[in-house]
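One structure is given below, encoded as structure tokens.
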Amino acid sequence: MPYVNIKITDDGVTQAEKKALIQGTTKLLQEVLNKDPQSTFVVIDEVDTDNWGIGYETVTEIRKG
Amino acid sequence: MPYVNIKITDDGVTQAEKKALIQGTTKLLQEVLNKDPQSTFVVIDEVDTDNWGIGYETVTEIRKG
Amino acid sequence: MPYVNIKITDDGVTQAEKKALIQGTTKLLQEVLNKDPQSTFVVIDEVDTDNWGIGYETVTEIRKG
Amino acid sequence: MPYVNIKITDDGVTQAEKKALIQGTTKLLQEVLNKDPQSTFVVIDEVDTDNWGIGYETVTEIRKG
Amino acid sequence: MPYVNIKITDDGVTQAEKKALIQGTTKLLQEVLNKDPQSTFVVIDEVDTDNWGIGYETVTEIRKG
Amino acid sequence: MPYVNIKITDDGVTQAEKKALIQGTTKLLQEVLNKDPQSTFVVIDEVDTDNWGIGYETVTEIRKG
């Protein structure tokens, strides 16, 4: 019964990429800890780059360089 | 001072349903643990069905059957 | 497929009280949004009163009055 | 390597205010715990006032008075 | 700059298993979204089986069968 | 009604340091967004260094360097 929350910046992540994250995480938990995929939840949060900060700057600013 | 976070899929949940979740959770914490409703926070996150995975599939795919 | 996280202070909450929180939350989501209890996760975090702050004070201090 | 998540209501918070929250939090962790700003993440979640409840009411209702 | 939080039950997960979860998640984000491993945080929370509920029961009860 | 969650590694953070984090965060939200300290919650999670990964390594390993 794992629950995994993945927070990434909102950069036009595609449906295929989201599915790859969900499948990869579910497989990892099955391989490492033998967790049942049917009770593994993966939730992806896409965060606006104005709302994510590192090193005193927003990601919006970091990307502008 | 409880803090409750409810994550559900983004399926057109109405204002009335959100209020029912907030009231039911607050009442539960008051009844079970005698917590003061005035310092009980309930935050509801509505998650896109593309961003929620169970059993190697997104909820979008599961619903399509 | 809801996921609910309940954060409360670590005050000797009993197994019976935890079960009451889990059952009440699961029932609420079934009644309000028709969510399947078998795919409703409830996770309770018990937080040390030194680690929870409100109004510039820790809960430890607030309780001492 | 701290991770800080700030949840606030979605009330037209400006880019400048978000930056002030990010800078203030990062500076606080540097001053109090000597944490490296380059590995301090701050993520701001803006929550709809319909989705935040206190004292049996949504923030939407509380603001209407 | 992804942040990943993995919640699992507290079942004597070993250091090697934790490292495998961290490495697998970091690699997945590098492969799928080209994220820099140096700014990928993975945080594992181990939750007491009394504090995790599914289908009206705690995991403690489910395991007892 | 902000809710702030600060995740840091479990390195013997003192009560005074925790209080400084709570007070600094609460003051920041008051100054930047005019939030009422009485409804500002700050919750600090201390995470085992085995359970926090960056750049394919646990913090335990990084510190051994």
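Per-chain numbering from 1; labels A, B, C, D, E and F assigned in written order.
Everything that follows uses one rule, which is that a contact is a pair of C-beta atoms (placed from the backbone, for glycine too) under 8 Å apart; a residue touches a chain by one contact, two chains touch by 3 or more.
Note that the structure is predicted; figures quoted are calculated from it, not measured.
Trainee: Go through the assembly and pull out the chains touching subunit C as well as subunit F.
Mentor: Intersection of subunit C and subunit F contact lists gives B, E.
Trainee: Using the contact definition stated above, find the chains touching both subunit A and subunit F.
Mentor: Looking at subunit F and subunit A together, the chains touching each of them are B, C, D, E.
Trainee: Counting shared numbers against all numbers at the contact of subunit D and subunit F, is it over half, same, or under half, different?
Mentor: same
Trainee: Pick from D-E, B-F or B-D: which pair repeats the contacts of C-F, with over half of them the same residue pairs?
Mentor: Of the listed options, the interface copy of C-F is B-D.
Trainee: Based only on mean CA positions, could you tell me how far subunit B sits from subunit C in angstrom?
Mentor: Taking the mean C-alpha position of each chain, the two centres sit 13 Å apart.
Trainee: Taking the mean of the C-alpha atoms as each chain's centre, how many Å separate subunit E from subunit F?
Mentor: The answer is 20 Å.
Trainee: By residue number and range, which residues of subunit A touch two or more other chains?
Mentor: 1, 3, 7, 21, 25, 39, 41, 43, 52, 54, in rising order.
Trainee: Drawing the touching chains as a network, do you get a line, a ring, a star, a complete graph or other?
Mentor: other
Trainee: Judged by the touch rule stated earlier, which pairs of chains are there in contact?
Mentor: So the chains that touch one another pair up as A-B, A-C, A-D, A-E, B-C, B-D, B-F, C-E, C-F, D-E, D-F, E-F.
Trainee: Using the touch rule from the top, collect the residues of subunit C that touch subunit E in their complex.
Mentor: My answer: residues 15, 18-19, 21-23, 25-27, 37-46.
Trainee: Residues of subunit E touching subunit A in their complex?
Mentor: Subunit E residues touching subunit A: 1-9, 13, 17, 20-21, 24-25, 28-29, 31-33, 35, 39, 52, 54, 59.
Trainee: Show me the residue ranges of subunit D that touch subunit E in the complex, using the header's touch definition.
Mentor: Subunit D reaches subunit E through residues 1, 3, 39, 41, 43.
Trainee: Okay, in this complex, where on subunit E does subunit C touch?
Mentor: Spelled out, the residues of subunit E in touch with subunit C are 7, 47, 50-58, 60.
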